[in-house]
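Chain nomenclature is as follows: A, B, C and D, assigned in order of appearance, with residue numbering initiated at 1 for each chain independently.
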Amino acid sequence: MIKVGIIGATGYTGAELVRILSRHPQVELVALTSRSYAGEEMAGVYPALTGSTDLNCEDLTPEEVMDRAEVIFIALPHGHAVPVATRARERGIKVIDLGADWRFRDAGTYEEWYKVPHGNHKLAARAVYGLPEIHREAIRSAGLVANPGCFPTSAILGLAPLLQGGYIDPETIIIDSKTGVSGAGRGAKVTSLFVECNENINPYGVAGHRHTPEIEQELSALAGRAVTVTFTPHLLPISRGILSTMYASLARPATEAELRQVYREFYAGAAFVHLLPPGQWPHTRWVYGSNNCHINLAVDSRTGRVVVASAIDNLTKGASGQAVQNLNLMFGFPETMALAGPGLCP
Amino acid sequence: MIKVGIIGATGYTGAELVRILSRHPQVELVALTSRSYAGEEMAGVYPALTGSTDLNCEDLTPEEVMDRAEVIFIALPHGHAVPVATRARERGIKVIDLGADWRFRDAGTYEEWYKVPHGNHKLAARAVYGLPEIHREAIRSAGLVANPGCFPTSAILGLAPLLQGGYIDPETIIIDSKTGVSGAGRGAKVTSLFVECNENINPYGVAGHRHTPEIEQELSALAGRAVTVTFTPHLLPISRGILSTMYASLARPATEAELRQVYREFYAGAAFVHLLPPGQWPHTRWVYGSNNCHINLAVDSRTGRVVVASAIDNLTKGASGQAVQNLNLMFGFPETMALAGPGLCP
Amino acid sequence: MIKVGIIGATGYTGAELVRILSRHPQVELVALTSRSYAGEEMAGVYPALTGSTDLNCEDLTPEEVMDRAEVIFIALPHGHAVPVATRARERGIKVIDLGADWRFRDAGTYEEWYKVPHGNHKLAARAVYGLPEIHREAIRSAGLVANPGCFPTSAILGLAPLLQGGYIDPETIIIDSKTGVSGAGRGAKVTSLFVECNENINPYGVAGHRHTPEIEQELSALAGRAVTVTFTPHLLPISRGILSTMYASLARPATEAELRQVYREFYAGAAFVHLLPPGQWPHTRWVYGSNNCHINLAVDSRTGRVVVASAIDNLTKGASGQAVQNLNLMFGFPETMALAGPGLCP
Amino acid sequence: MIKVGIIGATGYTGAELVRILSRHPQVELVALTSRSYAGEEMAGVYPALTGSTDLNCEDLTPEEVMDRAEVIFIALPHGHAVPVATRARERGIKVIDLGADWRFRDAGTYEEWYKVPHGNHKLAARAVYGLPEIHREAIRSAGLVANPGCFPTSAILGLAPLLQGGYIDPETIIIDSKTGVSGAGRGAKVTSLFVECNENINPYGVAGHRHTPEIEQELSALAGRAVTVTFTPHLLPISRGILSTMYASLARPATEAELRQVYREFYAGAAFVHLLPPGQWPHTRWVYGSNNCHINLAVDSRTGRVVVASAIDNLTKGASGQAVQNLNLMFGFPETMALAGPGLCP
């Protein structure tokens, strides 16, 4: 049993961590921090957890959490994880950060897109980007894992095989993503109100969303050259789920059958990534509440493009489930521990 | 490992059985029957199951299923389970029927409300009504369990402590229930279409729904006298969930605190039933995908009534989860095996 | 053309007023007040109004609005309308208040349930409760109309014919109401977030909701004796709509056919209230965006009760549509002006 | 008053026609045909129309409808409108067809994509594509108008100014569209069930949807050269609404401000098309139930692309509202008659 603390436990990703870890046979939760709900039972804040956890939310300092835990999850707004993770590493405590602070090997990119100084470029250069299907070995030995963003997870998993194999022209990539509202967090904002989101879809952050450079960092590494993408997220009236539809021109003629083989080989051994049968396009409901990623693709022979779609649950594979997957790798547990099993469907 | 067959596996309750049983450490699924999807992979019909089951749907006769299984779940439209269960019992095979055929000790009541002849009154009298919180001991030794209806599960769990203790006037009970659309099944009906259900709520089956006599049978047994109720179901735009709001006049003055104590004692040892803290009213999302039942109550001192609300997931505690709970009891497994854990929330 | 001002124009009921009045041939909108959005175009705050209004939101004092308008709608939180309406009446300006401040003839009841002093009991006694189907004549000559609450509108319209005719026992009334989320307003609250409301239904305000005394005031007047009700609202994942399901014991035996005739006579001449054909139960979608109220009923002969269901759009007949209906009556326009026509369905 | 018949009145587009025309001051509805609902009141099939129409559904032959009407709307599955429209034109009756049968000037393209013989290539060549913002003058004098598809309406309106002005490279166009479920019609299909659509988004018809050649026909005419596009529709859990997000490489450098001016000029005089202010991206809720089309755009200077988004209500501007707009033009009524006014929002 390892002792685990969660800093920022009462946001949606924090609650999802508690949900998953309450079933993890090798984890003992020892600290749930929250400012807003300090002193309340976690099961009072999220009554779905009634009977699954007896823990209270506490307004602990990071130092106090580190006194109890051997690994910490950080689920704080960006900008807050740098000092916490820095100190944790000094104390030899492992860190999985669910925010953006450690996702860039070059912290200058972070500073440019997030408009704040970073504070520890050196450690940023050594953090590991926690997408296990791409960086599994590095994660196993990592002390500080930057859990990927939700959109980047769906986009990178969808495009990685094509870019690594040189099948598409990296200048032609367009990523059109659609996300559920839980991605906006539990903050009380007018734009997240039921009435504002229901019966609606809209684009946002067009030509400037902060997940763009994160996608580009990883795709560039896979392609072995600089990749620039157009990325457009959309908000749709579902609680959980991201679908990314991706377009690129084929670098050389290829059939759908060939490309399917490329995906099968790339994801051999990846327990959570499933290439669906021909013609069965990903539905976000099929991965609802699971750590799975469903992918399919088609060649548009009229235009010489390939169209790829990938679906994940933004709170699970797009955040907390992937974070637990990283934990499993970092501590030598089976990668699917507490994460196996189908989504909740119907 | 026990060998389990599901007759009627591709409806929503059948798929929910597969979802739950795919994680059951003591169950081996040996047969999934379906006419519409015979020959297809179950994971092709419900792609959420991709990676969780390799079974195909087969158009087997009940006899063929019984050749493979030591217990069968029947998830067929009412009227079809009588011959199947009759034969299974002759062969010594245990049966859990998710339909209405065996829910009435007096099959004449069934015939009156369902307008079809029953065919085996004698066996009906010996079947056990599979609501474990009320009939746990009888279920343990039962060969034929009638899994309760979804509305009755929510209503009976909500009212049982009050009726058994004589706290309410049995002539005054009103049950106003609200259900998600999955309760209507996967049949292609106009009334179940997205556009017909979305942004809507409506009552149906007013003063005549077939779950009424089932509720009355169990409440009468608890009260020790005949109970007649007014029951109104409503359809609302959610996939899963039932909320029942129940009203009755107090038979004698009682405080909310006294009544809360009655519930706590009645449900001591019931792992899935949770009386929420004062003022925290049940939300169906809090039991989404779980086998839990959340209950709360208030005394309306201005009118001398008690108001009780209970929430379940209609596919889990209201159908397939409860069926697995019954299986666990019938085979001596821990009652919560494959069913423990929080709902999917947020 | 009459000059109309709206005080509090950027909440949902304010925006619904603008939507309806933008098509009213006898109305000129002259002032839209808002603190949060002062200086912005109304069509910027609610882009659905693009092309339908050129007005800006202004941070005007009530006195400034009265300088421009001959009638004002007040769409402010309760407690704020007393001084505004008091002053307007002094200046001879007509007032339609969409809040609770003027709904009680006895302002003491208001003070008891809303926990604030009222400030003008005398004027409260003379205000007219603006439910045209009950108080049409009084509204025609009123200077100050208290627009009814959304739940009371649905409940009173549903029960009025039975109470006035003495068909039900006034001690047995139970009102189980279900509302869309727009009833909670546009305030940024966690409980109104999409993720908190979606895939959910829950009761709230059990045995204590503030619309209870308002319902009782009007039902008592219709019954000619004190009526006390049990009223339970529920929140469900739709933007617009209220369904009230009502239960009462028959005071004397009556058939459904007789009771249907009572409703037809009571609502003869009421353009917006429709008794649906036998067996066709109200759906909130059928009144979506309209000023209609759909009603149906059944006699539960097993229990001697009548069950009535009524559906309205909470923002239209439950708020702003009814307010315009009152305006039409107060100014001698046809009652249905700018309000006629079907709801938006499918 | 003109006499209007609707052939196929009980599908969603038929009901939407009735909803709109019930408020049209120059239209008398004289025939509503339906096979499934022959003999029933239209307001029984769509109770939202209660009080707005007294018409019955009738199982009339097209010839019988033409005996009564001077213009007919055809809302039938594709393949059925050719003989009806052919005969109507022989009799001098005007026709607005809401299906695909007359949308292609070259009926061979229709035959290739719809896999059925057409039957009247000559008349097809003379039909007018009823997108008023592009073909207003031709529609005024047309006898047979092919009402555009819902996706093509959103895509063509979004891209027309750029293509006509030569601002984008026609080889680089990608159209990612998202539609509500009403676009699938009222047929009872499993894929349109609430539970199958709720909490979900999925692509469908990838690289082969039949609206592709329709979009290409119109874009090619605007560009003055052959245009080939990649078009991917997605199904999302809303009843009404289409959002199209479109991507293309700039043919020459241009600023957002320049391009905005191009749109303003192109749509000068178009009452229903609104370019939103910079940064305010279209939301389908903002056009809900209206005939409006909202558009916005951005230049992605990092990649040299322009991103355009357009939103319509698929049943109104994407079908029946546009059909009435065409009727207005064909009969010399003001183009916005019965169509003006804001959408239903909130």
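Observations on the model:
What we mean here is this: contacts are C-beta pairs under 8 Å (C-beta built on N, C-alpha and C of every residue); 3 or more make two chains touch, one makes a residue touch a chain.
Keep in mind the model is a prediction, meaning the values are calculated, not measured.
Comparing the chain pairs A-D and B-D, the larger number of C-beta pairs in contact belongs to A-D.
With every chain reduced to the mean of its CA atoms, the largest distance from subunit C is reached by A.
Subunit A and subunit D have CA centres that are 38 Å apart. As a whole-number value, the distance joining the C-alpha centres of subunit A and subunit B reads 36 Å. Each chain gets one centre point, the mean of its Cα atoms, and the points for subunit B and subunit D are 45 Å apart. Shown for subunit A are the residues that touch two or more other chains, namely 12, 180, 182, 186, 195-196, 198-199, 237-240, 283, 285, 288, 346. By the touch criterion given at the top, residues 174, 176, 178, 180, 195-196, 198-204, 206-207, 228-230, 232, 234, 236-241, 243, 245, 247, 281-285, 288, 298-303, 305, 307, 309, 311, 346 of subunit D touch subunit A in their complex.
Those residues of subunit C lying in contact with subunit A across their complex are 12, 180-182, 186, 188-190, 192-199, 237-239.
Residues of subunit D touching subunit C in their complex: 12, 15-16, 19, 22-23, 44, 46-52, 182, 186, 198-199, 239-240, 271, 274, 276-277, 280, 283, 285-290, 292, 294, 315, 340-346.
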